[in-house]
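There are two complexes below, and they share chain A, which is joined by chain B in the first and by chain C in the second.
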Partner chain A sequence: MKLLRYLLLSASALVPLQPVAAECLTRGTGDMGIVIERAAGSLKVVDTSNHSELFRVTGLGDLSHASAVYSRDGRYAFVFGRDGGLTKVDILCGNIVKRLIQSGNSIGGAISQDGSLIAVSNYEPGGVKIFSSTALDLVADIPATEIKDREGKLKGSKTVGLVDAPGNRFAVSLFESGEAWVIDMKQQDAPKIIKHTGIGSLPYDALVTPDGRFYLSGLFGEDGLSLLDLWHPETPARKILQEYGRGEQKLPVYKMPHLEGWAMAGDRAFLPAVGRHEVLIVKRGEWQEEARIKVHSQPVFVMARPDGRQVWVNFAFPDNDTIQVIDTESFEIIKTLKTGKGTLHMEFTPRGEEVWISVRDSDEVQIYDTDSLELLHRLPADKPSGIFFTSRAHQTGL
Partner chain B sequence: MEIAPHRQAELIYLLRHDCGSCHGMRLEGGLGPALMPERLSDWNSEQLALTILYGRPGTPMPPWRPFLTDKEAYWLAARLKAGLQP
Partner chain C sequence: MKLLRYLLLSASALVPLQPVAAECLTRGTGDMGIVIERAAGSLKVVDTSNHSELFRVTGLGDLSHASAVYSRDGRYAFVFGRDGGLTKVDILCGNIVKRLIQSGNSIGGAISQDGSLIAVSNYEPGGVKIFSSTALDLVADIPATEIKDREGKLKGSKTVGLVDAPGNRFAVSLFESGEAWVIDMKQQDAPKIIKHTGIGSLPYDALVTPDGRFYLSGLFGEDGLSLLDLWHPETPARKILQEYGRGEQKLPVYKMPHLEGWAMAGDRAFLPAVGRHEVLIVKRGEWQEEARIKVHSQPVFVMARPDGRQVWVNFAFPDNDTIQVIDTESFEIIKTLKTGKGTLHMEFTPRGEEVWISVRDSDEVQIYDTDSLELLHRLPADKPSGIFFTSRAHQTGL
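Entry: the complex of A and B
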């Protein structure tokens, strides 16, 4: 009895290593996520099982175009803001653990395979900064290739499409200089960089296949995409789908498509075309165009339901009030949903039975059943944009 | 410039959210350059209105002609040059 009391006392004395807010949750995070509120600079921590809000976290700065990755334990979200802010949020306690402004203007980031590093790609000044995921201490600062701007001043290229890859590597594309770099961080104090130049004109975003092998950069300045095989990172990048759309007039693009969320269904990839109202279907391996599907407008996100049976697509201004659902077997559009103006992003629950869709102008998140394609629930949110669930913690490239 | 107040509000919303997807919601820059008065001082409002209406071919800046009248583009350009309140 005495011994037990002694053990209990000493155990409780050991607990408060870290100050923990009284209202912290004790639960798993596997069915949790965050919804970015872009105008308010805040986010909502949500519960996907109960369609409910758990916390609202404020003070994250300019979140237009924000994205997030998760620590491997699914407890911390690292949020990348437009203003160069990098914020580590504890989703069990609903608070900010650490926040820093790491550059003037950033676009997104990635977490390393082993979870120890957070890499951020920057527009201003261009380059990649790498931080420890624990204290957000700077580990490496990698400047981008310099290019001449309009006034003839030298400035770093914007870096886009930053992803993680197996072997504690990161891959990134350089917009103005047309490059793709593979950054090897196995030795954290001595990053090794393989630079592929001349990959194509104006890569605007990129993605990595879910197995971490292929890195594809979408090109704005020319037709096609650039492909890098990360199993053979020294082999030059090659262009694929160059024939695509040759000689056709490109349509204006009112919002750049996103390649993140590689829609891979079986061995087929579904990609947004640029300047065309089409989704491209590409066979992995040969990397040849297999088909194109005419869709409502310029696609922005083309995302596969986790089982690969459906692909959901949203669109650029002025048609951002619509979602289309494509059947990946028949390549047919099986549903056109009018979700409302400012339909910006979607995220599937880990096994895909539901999809959460942010609708900016009606200040809500709509939750659909992906089988019946019916609306199940609406959750209020202030100008919601990106939605990120913790299942991303265990997926390469997300 | 007589533009109805409700249309002015729509234009500002467009600027923040739809132009903002490339220029940043606070117009401090993104894939497209910052649209702050200092940066735009080299141009007059007419020139900027033309950029807005016809875009910059070969760059991601698209033409907004289908959605804006000349007057509205000029009004936006003038607002950008004057600086928007955050």
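Entry: the complex of A and C
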């Protein structure tokens, strides 16, 4: 059996786009996930119960800055590559079902609440393309607002911070034109779009709260955040946290923090400060800053353990060899872990007993017990970056 | 391979408690679930993407008041029957893997955070038994505090409201002795138990908040609820909502409402009133009553759509033919559905676009679109009661 699988996998490396499948697995998908291998353009399919690799899938193109969403059955991962590639991977069979280059340069995507639609936000050309999740057929092609580039030529705004929202809707921000759009796909042949203009200067990323209600766009061109209440999608966006951003001093920012890395724990949000070595604590609803926690360096991802008891933080280059764990009740740092250079991403198991951390320069994923904070296991991976577990299939905005 | 699988399955058919399986399915488990058929002692395995039945599994004993939890991979359902039966069902193969009668009369169970342990709370004899989730081997047998029955004989307190909590812990309430216990199973061969006595008179059910932090026991013998903060499990339980209960008038109560039917929506909890035709709204954290909503009859389950935008309510006999939908922002009833007699349970799809409702006396499950509130489909089922989707595998306290 093992030999057969090896032979099949070796053969698959030679065939572009539709590799031969190894034998498909009959097993539950609830404890599975993928680990992106960014340099090799491949991914590992993993088993979180046994800390093991099930398949390696190659041929996914440029996976720097890649992300993924899952079909509602948890069987298919849709991987968004930097090169505009959209790849549907069958994690039970370890093969690519379909792959297409849907634009020149893309930055992420989302799956609709009912699982029928995959939306992709593009840099080049700007705009949002929406595909069927079954065959990846184009369902809608929504161009972005045009702006003038440096040479005065018209081009579409970059679209960023694309998320799904209840009611088969998507929300997206437009970078150069400073907009936030709510795209209603209930009628797939007739998308309805609510366009909010003037939400702020250069929204560079966004997030939706786990309940799918509040859509927050981070601004590169000014301080503060823009907030839309998706329960009232016609109400104009408003500014919150006016102090949030690079501030008057315009500190050097090595990496703009991911907004998807905001942690919601109880009624508080824990945010990466921009440029400063701080995590900000904000009361949800009022959206007022409550406290700041001094941390190791510039935070990138600030992620809550699913029960909200801890927040785990990684950091920007050149300090990306460290993870800090914050107690969300005392606001104290309870552990500093030296994971190694290129600590890029974290993913908690669905009920939070473990966290998987990709350490690019050590070519491994480190698995920690979140109770003892001890290292449990190292799983080899080729320059791992994003880790995505199938439990995301059941969550809004992930 | 297929032949081999058939032969293996056929062989297994000769072993009792291992009914003949159809061929096992290779598919994602994320969009699957079970529907309990209470009178027949059977269950249906269902596909929520296609609104279809995949298997029917028989031989589960007395399933009145049955509940179920899932293995962390989503493949196995553990069904707790009223007769003390604990049955492990493989939903990909549609068969019973193992079944045992672990007590004379049981009331529910839970699966540990790491998925390794199944705990069952028993009426007869009282106490908690804990089994391995793989082979259902007994790992721990925890007797309840002894009390005197009507004839003056010693017997174990009934255990109720058993839930899982982060850190491989379980919490349980003891009915006659008025206690709440926190059972720490990190070391499986040496359970550590924190026993809180005097939490109130006759706790009859309990719930844990979705984040696993607050454990609330409902009291049959007095008004109010008992609250334990599992972040501080040594701190004594305290009373909250002193008005909550049957009150001075001792109204006739046709059915004590399920506490698991509390809805958490944003920072509010929506609770079924006891005896009264009301849903209570309580601010989480302060645990003070904020408002009451008049409803059709005595509420049983008050369940929030996963995004917290709506709360769906069913009612006690003789008014159990109705569902009402409450808008959680305006507190208004936006729809009254006449689903039919014996409307017993509801389960939302993981991201909330649909809700499945079991209508016992019509022998069907009704599936509604939660946006349009329209009936989408009817699925035949033999006296259906509880509906449990695999997304519960990833949630605390369910």
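We take it that the second predicted complex is superposed on the first by the 367 of 398 C-alpha atoms of A that agree within 3 Å, B and C clash if a C-alpha of one lies under 4 Å from a C-alpha of the other, contacts with A are read in each partner's own complex, and residues count from 1 in each chain.
Here is the rule we go by: contacts are C-beta pairs under 8 Å (C-beta built on N, C-alpha and C of every residue); 3 or more make two chains touch, one makes a residue touch a chain.
For clarity, every value in this text was computed on a predicted model and none was experimentally measured.
Trainee: More residues of chain A are touched by which partner: chain B or chain C?
Mentor: For chain A, the partner with the higher number of touched residues is C.
Trainee: Is A:Asp62 touching the first partner chain B, the second partner chain C, both, or neither of them?
Mentor: The first partner, chain B, only.
Trainee: Just chain B (first), just chain C (second), both, or neither: which does A:Ser391 touch?
Mentor: So A:Ser391 only meets chain C here.
Trainee: Under the stated touch criterion, which partner chain does A:Leu92 make contact with: chain B (first), chain C (second), both, or neither?
Mentor: second
Trainee: Classify the contacts of A:Gln113 with the two partner chains as first (chain B alone), second (chain C alone), both, or neither.
Mentor: A:Gln113 contacts chain C only, not chain B.
Trainee: For A:Ala39, using the defined touch cut-off, is the partner it touches chain B, chain C, both, or neither? Pick first, second, both or neither.
Mentor: first
Trainee: Regarding the shared-chain residue A:Tyr70, is it in contact with chain B (first), chain C (second), both, or neither?
Mentor: It touches chain C, and chain B stays clear.
Trainee: Report, in rising order, the residues of chain A that make contact with chain B in one complex and with chain C in the other.
Mentor: None.
Trainee: What does chain A use to touch chain B in their complex?
Mentor: Interface residues on the chain A side: 38-39, 62, 64-65, 82-83, 105, 107, 123-124, 158, 160, 175, 202, 204, 220-221, 252-256, 317-318, 342, 360.
Trainee: Show which residues of chain C lie in contact with chain A when the two form their complex.
Mentor: Touch residues, chain C against chain A: 1, 24-32, 48-49, 70-76, 92, 113-115, 166-168, 186, 211-213, 231, 266-267, 284-285, 306-309, 329, 349-353, 371, 390-391, 393-396.
Trainee: If we count contacts the way the header does, which residues on chain B are in touch with chain A in the complex?
Mentor: It is residues 16-18, 20-22, 24-26, 28-31, 55, 58, 60, 62-63, 67 of chain B that touch chain A.
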